[in-house]
Each structure stands twice: as C-alpha cells, then as structure tokens.
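The next block holds one structure in the form of structure tokens; read it before the comments.
Lettered A, B and C in written order, each chain numbered from 1.
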Amino acid sequence: MSIIKSVTCPICGCLCDDIELTVEKNEVVKVRNGCAICESKFIGYKGHHRVKTPLMRKDGKLVSVSMDEAVHAAAEILANANYPILYGWSSTSSEAQRVGVELTEEVGGIMDNTAVVCHGPSILGVQEVGIPTCTLGQIRHRADLIIYWGCDPWSAHPRHLERYTSFTEGRFENSEWKAFMQKLKAQAGQKKLESAARIEIGSTHPKPQTCTVPGMPQSMNKSGRKLIVVDVRKTMSAEMADYFIQVQPNKDYELMQALRVLVNDGELDVDNVAGVPVEYLKDVADALVNCEFGVIFFGMGLTQTAGKFRNIEVAIQLVRDLNSRTKFTIMPMRGHFNVTGANVVSAWQSGYPYGVDFSLGYPRYNPGETTCMDVLLREENDASLVIASDPGANFPKKAVENMIKHPLIVIDPHMNATSMLADIVFPSAFVGIEVEGTAYRMDHVPLPLKKVVEPPKGVLSDEEILTKILEEVKVIKSSSKKSTKKVEA
Amino acid sequence: MTEVIIKNGFVYDPINGVKGEKMDISLKNGKIVEKVTHNAKVIDATGLTVMPGGVDIHTHIAGGEVNIGRMIRPEDHVKDTVAKTAMTRSGTGYSIPSTFVTGYRYSQMGYTTVMNPSMAPLEAKHTHEELNDIPLLDKATYPLIGDWWFVLEYLRKGDLEECARHVAWMMDITKGYAIKIVNPGGLESWGFGRNVHSIDDQVPNFCITPREIMVGLAKVNELLNLPHSIHLHTNNLGLPGNYSTTLETMKALEKVPYHGKPVAHITHLQFSSFGGDGWGNFKSAAEEISNYINAHNHITFDMGQIIFTDTTTMTADGPFEFTLYQLSGHKWVNSDVETETSGGIIPFHYKKNNAVNATQWSIGLELALLIKDPWKMMMTTDHPNAGPFFSYPRILAWLTSKNARMATLKNCNKKAQKKSLLPSIDREITLYELAIMTRAAQAKALGLKHKGHLGVGADADVAIFNINPETTDIARKYKTARKAFKNAAYTIKDGQIVVKDGEVVGHADGRTMWLNVKTAEPCRIDEEMKSKFKQYWTVDYDNYPVSDHYVKVKDPITIKASV
Amino acid sequence: MIVLSPIRKFTYPVTAECINPDVFQDREISEIAKLPVFEGNKPKALSDLFKIENDNLETPTITINGDVSEVRRIGIGMKNGEIVINGNVGMHLGEKMAGGKITVNGNASQWAGCSIKKGTIEIHGNAGDYLASPYRGSTDGMKGGKIVVDGDVGADSGCYLQGGLIKIKGNNTGQFLGFHMSKGTIHVEKNASTRLGANMTGGKIIVSGTLEELMPSFTIDSVKAKVKVDETESAAGPFYVFLGDLAEKGTGKIFASKANNPHLKTYEKYL
C-alpha cells in the first residue's frame, strides 16, 4: 500500500493538485481532499466499459484486432482523406496534443477541440477586446468582490470557492466560510419557521417563485469578501451568495451594457433592464466601482446563450472599464481539465487556439468556417478522428449522423457513445491516473499530472497511439509520392 | 565524426580580436577546432563574411504571455502564413510567430542562440514546453523575480544571504538563466491597481523601495556568481521624462561593488530614454543617457529599436501596458501572476507620421551611435515590443549607413525630423562593431563561454553572409547589406549546415541552457517553507519545479555560489 | 466574357481565389484552365472543377452558372470588372473588394463583402452571417461602396462599418447589425433584430419596419420626418431618433419608424 500526495486531479479546470491517493495492488482505494467528482473518477475509472484491445468494425461488428492492423487502417483513412477532422483533445495531455497538431498538419485536416461547444465564444470575445485577468492565487490573496455570472461552481467546479475564492485565506483577505456557515444556520431556522407556518395554514402547495429581483442586501456593506451570483434561476451557488441577481434568459448582454453605462457615470432612459430595476443596478455599479479587487467568473450562461461571444466581449469591456476606477479581473470557468492546454498547444504551434484548418498547407482559422461542428453540419468532411471527448453524446444529431457516414476513428479509454459508432477504436490509458503528462489550469498555469497506477496490459497512452499513426501516415504519404513519380515517368 | 572547414572567408571574431582577416575556420563534432583532416566537408567562403552565430540577449518568444499574444491576434497571423515543406513545419507570423517559424526565421538570419527574457516562475513549464518547439537555436530563459514575495521580504529584512539562497533555488527549479527585474516594486503594486513612480517610492504592504530591490538583487547576483548580471527593465518605462529615473537607477547601481564585470544590464534602453514632460513636448534624452554611459562601465544595455509597423507589445510591466491601453483603446490583456509578477499585452502600430513614434525611432539609433563602446550597447527590438525580430536587417542597415537612416528619417513626422540628432551624427558602425553588437557583446554579457566567438573550443555555431567587405561598401550599398543579413548564405549549428541561401536545409533541436546554482548551504526546504509555499501559491510545492521531463535537450551549467 | 459552370456538386470546400476579374484579365482560356484551386486538401486546376467557355460578350467579365455554395473567396480584392453568379455562392465573396461589381442571383454564404473598400455587391437572395464585417480580431470594417441584399441577412453584419451603404430588404436581420460602426449607413427596409447598433460610435442605422428591441444604452434624441439614405434616396418617417451607444460615449443614430414601433412610445416622455 502506498500513499501518493500532491496528485493533480484530471477532471475539471480547477486542476486541484493537493489530492492524496491511497493505492493498493494497482488500484486507488482512497481519495483525500478531492470533491465528489474527483473521487468518483479515481475510484470508478475502470468501470465496465473499459476497452482492452484495439477494435475494428467488420461486417457491422466491432472485433478485436492487433495494434498494427488498427494503426495501418487508421493511417490509410487519414492519409487519403480530402477533409478530415481531428477532434477532442481536452481530456489528454499537452504532450499528446503536440502530436495531434503534427498529425493534423500532415494529413491536411482540421484540428478542433471541445472549446467549440463550450468556451470557444470566450476565446472569440478575447480576440476582439483582450482580457484583464490573472492567476487564481491573485483572487485568493486580494479579491473582496467575487462574482459568478452564468455559472454554478457548486455543481461544476465544487472546490472553486474553497481553493480560490470566497472560502479561502489570502494574504490580504480572509475566508468568508464562518459567515457563510452562520448564514446557513439562520436560513435553516427560517425555513423551519416557514414550513411550520405552512402546515398551520393547511396549504400543501408551495408559493410560486416570483421573478422579482430584490434590492441589494445589507450584507453587501460588510467588510471582507462579498459574493454576487448572476443567473437565470436560483442555483445552489446562488444560495451561497450575498446578493443573487436573477437575469432574464438571453438578456445578459443588455444587463452588462447597462452596467457599463452606469459605471462610466452615464444615465439610462429605461427603468428596468433584463428584469432588474435600474435603481438596483445603480447599487450594483457602486459595489463594482468601490471594491478593492473584483473578479467575474463566467460560464455557459454567457457563452451558450443569445449573443455568445458578444456576451463575453461585453463582460470583458465592463471589467476593462472598471479598471479605470479600481482593480478588476475576469476569468472563464473552463470545463475539461485540459481544454486550456488544447488551446495553448494549438496556439503555440500554429498561432490559433482551435478550429485550425491545415488543408491548404498552412494554418487557417475561422470559427463558423473551420470549426468541426459547422463542417459536419455542412457535410464537408470525409473522415474523423475523435480523442479525449465524446461528441457522439453531445453534438447535435445531424452532426453525429454526418460524422458516421464516413470512417470514424476513436481513441478513448472507455466504450462511450462515440466509440460505439466508430469504425476503429483504440483503447488508451487515463492521463493523470495511468500515464503522466501536463495539463493547463483554467488560469493557464501548467501542472504535472502523475501516473499512480499501471494501465491495463497492452493499453498505450494517447501520445504513443498518435505517434504510431503519425509515423504510418508519413510512410504512406512518402510511398504515394514515389509511386506518383513513377507514373509520370 | 563530422568535420567541416570554412575556407577563405573574411572572419569577424571580436572576442578573439579577429577583424576581417581571411582565415579558415575548422569544425569537428560540433566544436571549433584547430584543424581538420582532408576528409572535411569544404564550405568555400571566398568573398563572404564569416561571423559567429548570432546571439540575441532579449526576445519574447516563448511562454504564457507570448502565447496569449498569439491567441488574441488572428488578424495578425492571417497576413503572414508559412506553408509546410518537406523540411519544415507550417506556422504563422506576423509580430508573434508560432514556435517553429520563430526558429526558422532566426536561423535564416544567421542566429544560433536566443534568450527568452521573461518567464513567470509559476508558468515556467509552459515556457520550456514552447522552447522545446523552437528548432535550430540554443535557448535559455530568465525568471521574473524582481517582485517575488520572498525577494521583497528577505531584502526588507536585510538578509542578503537567505535571499541569495532562495534565488538560487528559484533559478534551479525554473531552469532559468538570469535574474529578471521589471519595474521593480511596480508589479506588486499593480496587484491592487497601483504603481511606483520613483525608485524611492514605498511598495504598498511591503515597506521596500525599487532602489532597495535593484541594489539588493545586484548584490545577490554577485554572491551567486551568476554568469549574467541582473537584467533590468526600469521603473517609469515608456513615460515622457523618464530618463531621469533611468539616470537615478544607474547611479543607484554604482553602489554595488564593481569587480570589472557589469553589475546590471538595462534592457530596451530606448523606452527608458524619454525627455520632455508630456506627449506634446516629447523628445529624446539619448544625449544625457549616453553621456553618462560613456563615463561609466558598470552597466550594459540593449537598444529596443523601433520599427515602423503594426506589432504587439508584451511585458511584465502590467501598469505600463494599461497606460498604453488608455492611450490607444486597443484590445488589452492583463495577466498578473500570484506571488510573483504581472504582465500585459497590447497591439501597437508605430507610425512614421506620428511625432512620438518617429522620435522613439530616432532615440534607439541615437543611443547606439552616441555610445562609443560597442561592447556596451547591443542590438535588439525587444521583440515584439518595438518590432518583430525579422526586421533586424533594417536596423543593421540604419546602424552601418547614414544614407539608410536619412532615407527613413526624411519620411518621418516633420516635428520629429527637426528634433532628431541623426542628421548631426556621421558615425557609421563598421562590420566589426556590428559583430560585437549582435553576437560578441551579447555572449560576453551573458557569460556564455562557448558562444559568440570562433576560437578553439567554442560551439560550432557560424553565420556566413553574402557580403564581401573588400568590394562592398555597406554604408553606400545598404540595401545589398540588408538583403545579405536577411538571408544568410550559410547558418551552421553545432557543425551542421541548417540554412543555405536563406532556406532551411537541416534540422537541429537546439539545447536549453539553465543554471544549476550550488550554494554552500542549500535553501531550507523544510516544512516551514513548504507550508509558507502553500499560503503563497495555489499549487502544491511538489508540483512547482520544472522537472527534466520539460527540457528536450538539456544543457545545464553548474555555478558555484559564494554563499 | 468567361463563363464558368461547375462540372459536379462539390462536397469539400473549394478555395478559388483565382476566380477574379483581375486574374482573368488578359489571360487566354488555356491559361485560365490551369489556374490553381484547392478542393478540400487536394490541389487542382480550375478546369478540373469547372467547364470554362467564352460567351464573347463584353460584360460581365465572369459569369458563373450553377451552384457554387461550396466555392470560397471568389472575387477577393478585385479592383474592377463584373462577376455575375447564377446560383448560390460560398463564403468570403468579394472580400476586401476595391472596385467593380458582383451580382448574386441566389444566396450568399457568410462573410460576403467583408471589409470592402469600394464597389457594389447585389445579393438577390439571402446573405449569411458577418456580411461586410471584418475578420476575427480586426476592426477593419467596410470603408465604402454599396451592398444590397434583397432577402434576409445573418447575425453580426455590418460590424465596424466605416463608410458606404448597406441596404437590407428582407424580413429579418440577425442580432448585432451595425456593431461598433463609426460611419456609413445601414438601411433596414423591414424588421431588425435585437442588439442593433451595439457599441456604435457614429454613422446611422435606419429601420423602416419594426425594431424588435432597443439596447438600453441608447437615449432618445428627437423625432424626424425623414432621413437621407444616400445621395439618391431618402427614407420616409416619421422616425424616432436615438443616440448612442452610451457605453462607448457614441454619437451614432438609430432611426426607428414611429408607426411601426409603438413599443418605443415610452421614450417620448424624455423629449
């Protein structure tokens, strides 16, 4: 039995690196410090759906084949394709991602990653206006106003508040954990009274939730850290906030533009924006301007609602405007543990963060044109390789239908929705559990991922599988060049 | 056992006092040797200029900040695309080339060693991952520690030796090469949106001044026997009238014990040599600065020469980048790093008809021409801040040819033309002095014993240019010279021809150099330190250092400290 | 002059910058046939994909008969001449055009007329997203010329407009029409979607139909009886005139038809 400390968790963009694992007989038996999602991955990663050998579809069924056969078949498909897509990349290491760029360049295809269905709009927004940001430690040490806009860390990034924001001790700011616990107790007491009142009156129907935004509460005047949550409904994160602002769905753009006007000492002709009375917005603007160090964290509530990248753009513009009055930063809550890495590696090797099209021999980038979702919906592709992601489960139906009309190669540890539709399946080792590598946190800090157990026999890493395919592709291409020369002679 | 002989070229090797003599240079197994056998491959360098491979002491080419710069400028890449060839990977430019293109373009100009001058220690792994993907060049990188909390705390306590031990530890675990200081005190202040405005301002929450940081770290540098001096980006960079801060800084550094080796290197000096007191009466203070430099020997410098083009500024000087945003309204990135440093990026277009930009252009050249000793003033653009590095041939033409300077000046803003000192400066840098400013001085300042010269034992890094100094007057034929410097006839890396006639013909990974600093007593990495680490950073101590995994081709240099 | 007919349906994107009056000028058909194009990642010759004939007419310089909805970058940067497309056409049509005319008897895909400097583009069907808008990260919007779309227009069109005229006659515009424009005119003859003129700093947008919703960062300036569209045309009001975008301290104007926008009546109290 051994205890391994300072393990980096390979789940979400928090990339918590203080996980402590107990390993016995090549299995993780105990997880300390991790959240529920972390624990479920380390304990449950083996699961029932682990693929043990390469598979190829023959007569409609996936059957075991040798690595060589699978590599050769995959390389043939990619080397001969006219417009292949290589998609995913977000749950593997930067070392594997580097091979991915070279492979995509070699086959003249598109390299795209899961940002295209997630924070791609954030990147587009940043390309328009830049981004005033920082590493997460700056928040811990300095932030006294923390805003989560269109995201729910309680569910999706469970340790975010305790490691980086409201519930952490910094050099210049303290944790609000105690105050929060007291508030919970008070709320619990209040709920008991309300529930008792309901029983007395005899009503069994809960009161309908009215969508009126209350004014700023007194707790926003306290010293110490303040927490604001902006969302379309009261999430668990919103329950923790000092102030919850319920914004009308698809109206975040208007709300932020209105705040920009107020923060720049302008006046509005309207009484209400996005369901929020302007008089309350003025209080919010004051809170923004008067803090010492503010931060906005945002998620799919902004990137995937009407306006998309313009929502991020206006959020960044608001933060930019605030920097003339105080210190303010903004950061996207990245989902997959290494989607940031996929963008980072793609950018340093090609100049572009995702949706990189190598078909003309040099990198080109234009989301909407070169992003794989759009290519699939227009039925322009003729082969796909999917790695470290599951588009079969989360792409629009039409895109998946078009994907499977053509050869599909999948590299993944598990049999997932995409591998079930594939023509060739390569089993791979889990990065951060069975193979080491590097990942980039949501604030672009690189962290090493450890190998804590051995992968199943014969199962290779993503990096090794991709390298084999790349080498085979190079052989195929150089021999086809030779044979073309012969024909010309 | 690869042997090469470069025959009959005009050799410029300032470190060994060779001033254009016709000589043969012999290479064997990647090193310069006395002689080789008749089996050696012959490169006929008759009528060609032979120099050591170029050394660039300051160029932002790798790491978190550089890469965010790449990410935010698709409109910059789209105008400069590079197709894949049998020998080379594809990529993009313009102002911040992708990694492969960076390696190829430097090599095509005859460069063989480059220094990435800004690395946030927390992001060091990223810097090294990118350096691994820059081919054909040897490289190293400088960690930013001027505003590092441990440095601020130990210097405030006056505990130089403990500070030195921590710096040695930091240099080792980030695989760094030199102490980089940017706007000392300003970056920590910027953590709350503030800045320092003089070298005696107090840094909020830390009770220390920029003067104390600079002098303290210069002394630490001495204690550790580091091969380079402290590498310094001054306070008040980019602001009108800042030359007085630069003079005060240089005077403050006179207090550091001088033993014949410079105690500091002030980088991109152009940005720190501004006169006037506002943008309206902006003018050059190159004369005041160069008068001081001509009378003192304790500091070396590099130019930071402006190129009139649409480029991207990126520095650890967060507050300065914010100022640029307020002036220009362009897209602006800010990237502060916990416990360590800050950073900012903003695109910037230097225009000939802009009075300030044109004066800045003049300042860089005035400094280089007024500073008498070429060993003190090195040629850079602080790439990409003042311009992309592949504009270097333009600068070489301006330095070596008054006609070239005047041809550009006459198209500049009229006000700037009137104020410029260039019409009154006749000096034309010679080919020998050029070799000093672009390789010999840089290697010497960096303490790189095997670079920047062609003596026996040096690395076989050689650049050969299509310039015949006997028949070509580079001062008159500056366009010919510019073309020759843009596309080297040969670039040789570790004895292998990697570029021929400006085309990449070979592959080399290049080595990453860093310092293994051995103090008598190592820095106390005990439980107290580890728990302090946990308080200061959001990563675990174990995950902070850059392991050997992150360096593809390793070239560590062991240094014995005096502490 | 030259008539191009696609010989089959194109599945993979075809990149055909050579389909350009400036390129075809003074070239024999045999030369034109060899001009390079890409189909997916395969380099081809123009004649591999198109039948190339001469119709012996003076104009148009280039006629395309057939569906070229997968053919991209036609007419990029053209300085003169005329292209007529009888079918649907692909992305980046006439990008950075500096003169001449393009007529599309069909629909145009995204990024039509990006950053044009001069010239005319007439699209008789619909236009996709990003009509006349600059490339990602660039603020290099349309500087002059005229673009007319008979049908609908997609989102993020007319962004960073710096001059010239865009006329939209269809039933729908996408969001963010005229985003961050500083000069020039956009005339929406029918209805306009939300976030119209967001971040605009100058120029004018005229909505003769219904404006779905006005950004909260605009203020009412006046009511005007009519407004000039260009030298030849005026639009009849009365119009509410709004000034903004206040978030950018902008002085751009949105003219919204009073009759068709009763929901904007509440602004009258500020007049």
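Throughout what follows, contacts are C-beta pairs under 8 Å (C-beta built on N, C-alpha and C of every residue); 3 or more make two chains touch, one makes a residue touch a chain.
Remember, predicted model here, so these are calculated numbers, not experimental data.
**Student:** Using the stated contact rule, I'd like to know whether A-C or A-B comes out ahead in C-beta pair count.
**Tutor:** If we tally the contacting C-beta pairs, A-B comes out ahead.
**Student:** Taking mean CA positions as centres, which chain lies farthest from chain B?
**Tutor:** When every chain centre is compared against chain B, the largest gap points to C.
**Student:** Indicate the whole-number Å distance between the mean C-alpha point of chain B and the mean C-alpha point of chain C.
**Tutor:** 46
**Student:** Report the inter-chain centroid distance for chain A and chain B in whole angstrom, where each centroid is the mean of the CA atoms.
**Tutor:** 36
**Student:** Indicate the residues of chain C shared as contacts by at least two other chains.
**Tutor:** 135-137
**Student:** At least two partner chains per residue is the criterion; list those residues in chain A.
**Tutor:** As it turns out, chain A has residues touching two or more other chains at 127-128, 358, 360, 365.
**Student:** Do you know which chain B residues sit against two or more other chains?
**Tutor:** Each of 72-74, 78, 331 in chain B touches at least two other chains.
**Student:** Which part of chain A faces chain C closely enough to touch in the complex?
**Tutor:** Its residues touching chain C are 81-83, 107-109, 124, 127-128, 253-254, 257-258, 260-261, 264, 266-270, 273, 306-307, 310, 314, 317, 358-360, 365-369, 379-380, 382.
**Student:** Which stretch or stretches of chain A touch chain B in the complex?
**Tutor:** Residue list for chain A touching chain B: 5-6, 8, 17-18, 94, 98, 102, 105, 123, 126-138, 140-142, 163-164, 169, 171-172, 292-293, 320, 323-324, 326-327, 329, 343-345, 347-353, 358, 360-365, 436, 438, 440, 444-448.
**Student:** Taking the complex as given, what residues does chain B use to touch chain A?
**Tutor:** Residues in contact with chain A: 62, 64, 67-68, 70-74, 77-78, 81-84, 89-92, 96-100, 122-123, 125-126, 129-130, 133, 191-193, 205, 322, 325-326, 330-339, 345-346, 535-543, 547, 549-550.
**Student:** Of all residues in chain C, which touch chain A in the complex?
**Tutor:** Per the touch definition, chain C meets chain A at residues 11-13, 15, 38-42, 70, 72, 91, 110-111, 129-130, 135-137, 156, 175-176, 179, 194-195, 198, 215-220, 245-247, 249, 267, 270.
**Student:** So in the complex, which bits of chain C are touching chain B?
**Tutor:** Listed in rising order, the residues are 134-138, 140.
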